[in-house]
C-alpha cells in the first residue's frame, strides 16, 4: 500500500428472498416466465387494491438480519418511497425509511492468502422492501419505445447497507463472498446474480494524503455490476479514475454532488449516468395500507436459535475442535452447506477429521472441479469415504493401495470391501513377510554385509523385488523385519 | 303507496312472500329513474339490462326453491368508486373514464353474494374529493329537495338516488363526511362504519387511513340491513377488522335503556345555523322523553380537526393518485401531439440559446406523465395532489404531516375521554342546510369547512350516522349526527331507530 | 408561510402535473390560504404525543406464502393505453 491515498468503500446489496409468492400479493416469484404473466391487480397497482405482508418474507428477513448480527427493534413499519418510473406501477415503492426492521450488524471477513487483515465490516441496516418491474429499452439510441414487464414487481427484497468500512476491491469482494455464503447457508436466497437475486451497488471515494492534510474525493455510486469479478474490476477502475480526476481537477467532496456511474463490463469502464433532476425528494411517509410489525424478545431468540451453526462458527469449530488448519477449514466451509455436511459425516464415521479433510480437499474437490460436478453427484458417499479411511487406519487397506481403491470405488461405485476384494488385497501375515525377507536376504549376502557394515538403508534396494513378489506388502514393515533378522543373526 | 316508496325491509318481505317479483321491483325503480333522473342526475350509468337479468335470475331461483342471499332481488345503487368487474369504475374522473377493473371490490362481491340487484353506478366528486358532487368530471347531481341546490358530496349521487326513490338502498364512501353530509343534506339515513368494519379492498383510495364505505337508505332498519351485508373481515385488506358482524337488522328495533348522550359544546358554536341548531336541540328533547340522560362533553381539539384532515387527506391522496400516470391504465395524452409540442419547445429554447431551460426541459416520458395527469384530473384533485406533495416534500414533513398525525391522536383521545362518560355523542351533521350549486366553487377553504362536524369521526376511526331531524323554513332537510365508540354500530343504529320511530321526518318525500 | 410560484412549479414537477401559468398563479394563492389555515396546528402542544398513522391501530397482519393464479396477460394488459400484447409501451425511459 504505497499509494498516496486510502480507498473508502461501502456496499448496498439487494437480495431477493426465497419466497414462493410476492411480498404483498400471491403471484409467483418464479424467474424467467413470459413477460406480464405473473401479475395481478395488486402488483399492477390497480385502483382499489391493497397489500398484505407475506409472512415468510418477513421471517426470512428476520433470519438474515440475525445472521448478520443486526439488532431487531420491537417495532417496525413500512413507508412509501415516492418516485415516477414506468416499472413502478403505484408511483411509489413500499420500503422502510426511519424504522427499519434491523440495524447495527456486522460481518467478519478475512483472506486465506493474507491479502488483508481479518476485519469486521459494520452493517448499517437491513430492511424489507418490494422490487420494481423491468423496462426493456434501446440503451444506445434511446429512441424506440420502452417495454414494461411487471413480473418482478413486488418480489421481496432485503436491502443490506454496509458502513464504508472496506479499503480495497479485494475486501469488497470478500464481503460479498462471505455474505453470499451466509445467505445460501441459511437458505434465505439463491443469490443468483444472473437472475438478479443478488444486486450490488458500491459507494467509493478516496482519502488522499496531501501536504495540506487528508482530502476526500467526491463519492461515486457504481451500478450495473453483474458479478463479483465485475465489482472488483469496477472498483479498481473507479479508484484509478478518481485519483486521476483529482490530480487533474482537484475536485473535493462537496465540490460536486454524489454522482452515479454505470459499469460497462465489456469496455471495462464506469460511465456517468444522467441524474434524475428532482429524484432526491422521495416524500417518504408511513404506508396507511400496511400495519406495523411488533416482535418480542422471545420470538427473536427463537429465530436466532433456529439458525444453527453459521459459517464463522463452523470454521471456529473445525479448527479448534477437529484440529483442521485455518486454511483447510476455510476451503471446506466456503464450499457451502452440502460439502460441509459431507465432511462432517465422513469425519464422524472414521473419527479422523484430518484424514477426511485431506481426501476431500485433495482428491474429491479436484475431481469435482475437473468434472464440473457437485458433491451431491459424487459417487462415493460420505459414509463410504469414512469407511475407507477407517479401513486404512486399521490396516485392512494398505496405504499404498488406498488411491487405487478410491479410484475404483468412484469409477465402479464399489464399497470398500468390494474394492479391497477386487484389487486382490488381503492382509499379509508376519510369517509370510519374514519368509520373504529371509529368502531375499539369503539371495543377497552383499546387502546383509552392507547393513552389518552400518548402511541400514541398503535394505531399501530389496523393496522393489519384494513388492514384485507380493504387491500387498508394507515396505516399512518389510524393512523392519529384514533389519531384525540381520541383527539377530538369523540370516 | 307505490312500490318505490316502501322501505327495503318491507320490499324484502314482499319478495319473500311472492307478493312481488324482483323483476317487478327492479322495473319499478328503472321506470322511476327514467322518469326523474334527467332532473336529478344521480346516476352515471344505469345498468338496466344487467339488473333485469339479475332480477330474473333471482325470481327463477326463488321459484325453484333454491337458496337465496340476504338481499335477494333488492335493487342497490353503488357509488362509482367501488370496483365491479361487470361495469366501469370511473371515480367521476376523466382519468378512469374507460377503466374496467378485472376484479370485484369486497363490498360489491358481498352484494353479489347476497343476490342484490346492482341497478346502477352513482355520481360523485372526482375521486371522492369534494362535498358537493360538483367535482364530477361527467355531470352535476342536484338535490331532490331543491334542484338548484347541491346534494352534498362526495356521495351526492348515492344520497340523491335514495332521497328521490330511484333506489331503496345505496352504497357510499366517507373520508371526511362524504356519506353523512349528503345524507343530511338530502334527508336520508347514512352511516359511516368504524374504520375497518367494511373492507376497503376494491374501494379506489382517496385517503387510505380515513376512507370507509357504508350504507345510505331511507330508514335506519334498511341501513342496518345493508351494513350487515357489506361488513366483515377481508384477508386481502390488512386494515380490515377481524371482528364478528352482529345482525344489526334484527336488533335495530330494540330500544336502549339508560342511554347516556353527550353534547359537545364545540359542535354548537358560532357559525351554526339557528334553524339547524333548533332542530338538533329538539331531537335531544326526544331522547330525553325516552329517559336518556344528556350531558355536556368537551372535545377540545375538535377545532383542529379540519386542519388536521386537510393535511393528512391530501398527503395520502397525493400518494394514492400517483399511480394514475397513463402507463398501465387510465388516461394517456395524445403522444404524437405531445412529442410535437416538446420538439417545438426545444427548438425555440435552442433558438433563444436558453441552456438552463433546455436542461430543465422534460424528457418525453416525464412530459407524457405530466400531460396525461393534467388532462385526466380536475381542478380540485390537482389542488389536493399539490397540497399533499407540498406537505410531504423535503423540509415540511415534520411541520405538517407528522404534526397532523400527533394532533390526530389528541382528537382520538378527546373522544376516548368523552365516551368514558357517555354512550353516544350527538351533533348536527353540517352547520348549514344544502347550499346552492356553484355557491362555493371559488372558495375551496369554505368548502372544506363544511366538514367541520364530520371529519373527527374519520380521524378517530369512529362510526357515525346521519338521520333526518327536521326541515328548514325553505323546506331543506336537516341532519342529526350520532357518533359512537369503535365497533358500537349496533347501539348507534338502535339509538337512531328510537328517534326515527318517534318522528316522521324520514317519511317526507321531495316533490320532483 | 408564503408559497412562491417557484415552490408551486417544483411541486408540480414532483407531482408530475403540467400547469398553465394561470393555474400556477391561482394555485400559489389557494395553497397559501390553505397552508395558512393548517398552520394553526403549530399552536397545539404535541410534546410526547405519538403520531397516529392509522385510524385503528392493529399490527402483525400477514398472509401465507402460497402461490395463487395470476391474471392472464390479456387481462393484465386490458386497460393499458398502449401495449404490444407482451408488455406496456411507453416513450423511451432513457435518452434525451
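As written, the chain order gives the labels A, B and C, with residue 1 at the start of each chain.
Here is the rule we go by: a contact is a pair of C-beta atoms (placed from the backbone, for glycine too) under 8 Å apart; a residue touches a chain by one contact, two chains touch by 3 or more.
Here the structure is a predicted model, which means the values were calculated and not measured.
Chain-to-chain contact here is organised exhaustively, every possible pair of chains being in touch.
Centrality by C-alpha centroid: the chain sitting nearest the overall protein C-alpha mean is C.
As a whole-number value, the distance joining the C-alpha centres of subunit B and subunit C reads 21 Å.
Spacing of subunit A relative to subunit C, judged by their CA centroids, is 42 angstrom.
With each centre defined as the average position of its C-alpha atoms, the distance from subunit A to subunit B rounds to 57 Å.
Chain contacts: subunit C has residues 10, 13-14, 16, 53-54, 58, 61, 63, 71, 76, 79, 88, 90-93, 95-96 touching two or more partner chains.
Counting partner chains per residue, subunit B has residues 99, 102, 209, 235, 238-239, 318, 322, 325, 327-329, 365-366, 369, 389, 393 touching two or more of them.
Residue positions of subunit A touching 2 or more other chains, listed in rising order: 41, 44, 46, 52-53, 84, 86, 146, 148, 150, 277, 281, 283, 288, 291. Across the complex, subunit C is touched by residues 19-21, 26-28, 34-41, 44, 46, 52-58, 77, 84-86, 135-139, 141-150, 277-278, 281, 283, 286, 288, 291-294 of subunit A.
By the touch criterion stated above, subunit C contacts subunit A in their complex at residues 10, 13-14, 16, 53-54, 57-68, 70-73, 76-77, 79, 84, 86-96. Every residue of subunit A that touches subunit B in the complex is listed here, in rising order: 41-42, 44-53, 80, 82, 84, 86, 89-92, 146, 148, 150, 277, 280-281, 283-285, 288-291. Interface residues of subunit B facing subunit C in the complex, by the touch rule stated above, are 98-100, 102, 194-196, 209-210, 235, 238-239, 241, 301, 304, 306-308, 310-311, 318, 322, 325-332, 335, 339, 363-371, 373-374, 377, 382-383, 385-387, 389-390, 393, 399-400, 402-410, 412, 444-445, 448, 458-461, 486.
Touching subunit A in their complex are the following residues of subunit B: 82-83, 89, 91, 96, 99, 101-103, 105, 200-205, 207-209, 235-239, 315-316, 318-319, 322-323, 325, 327-329, 360, 365-366, 369, 389, 392-394, 397, 401.
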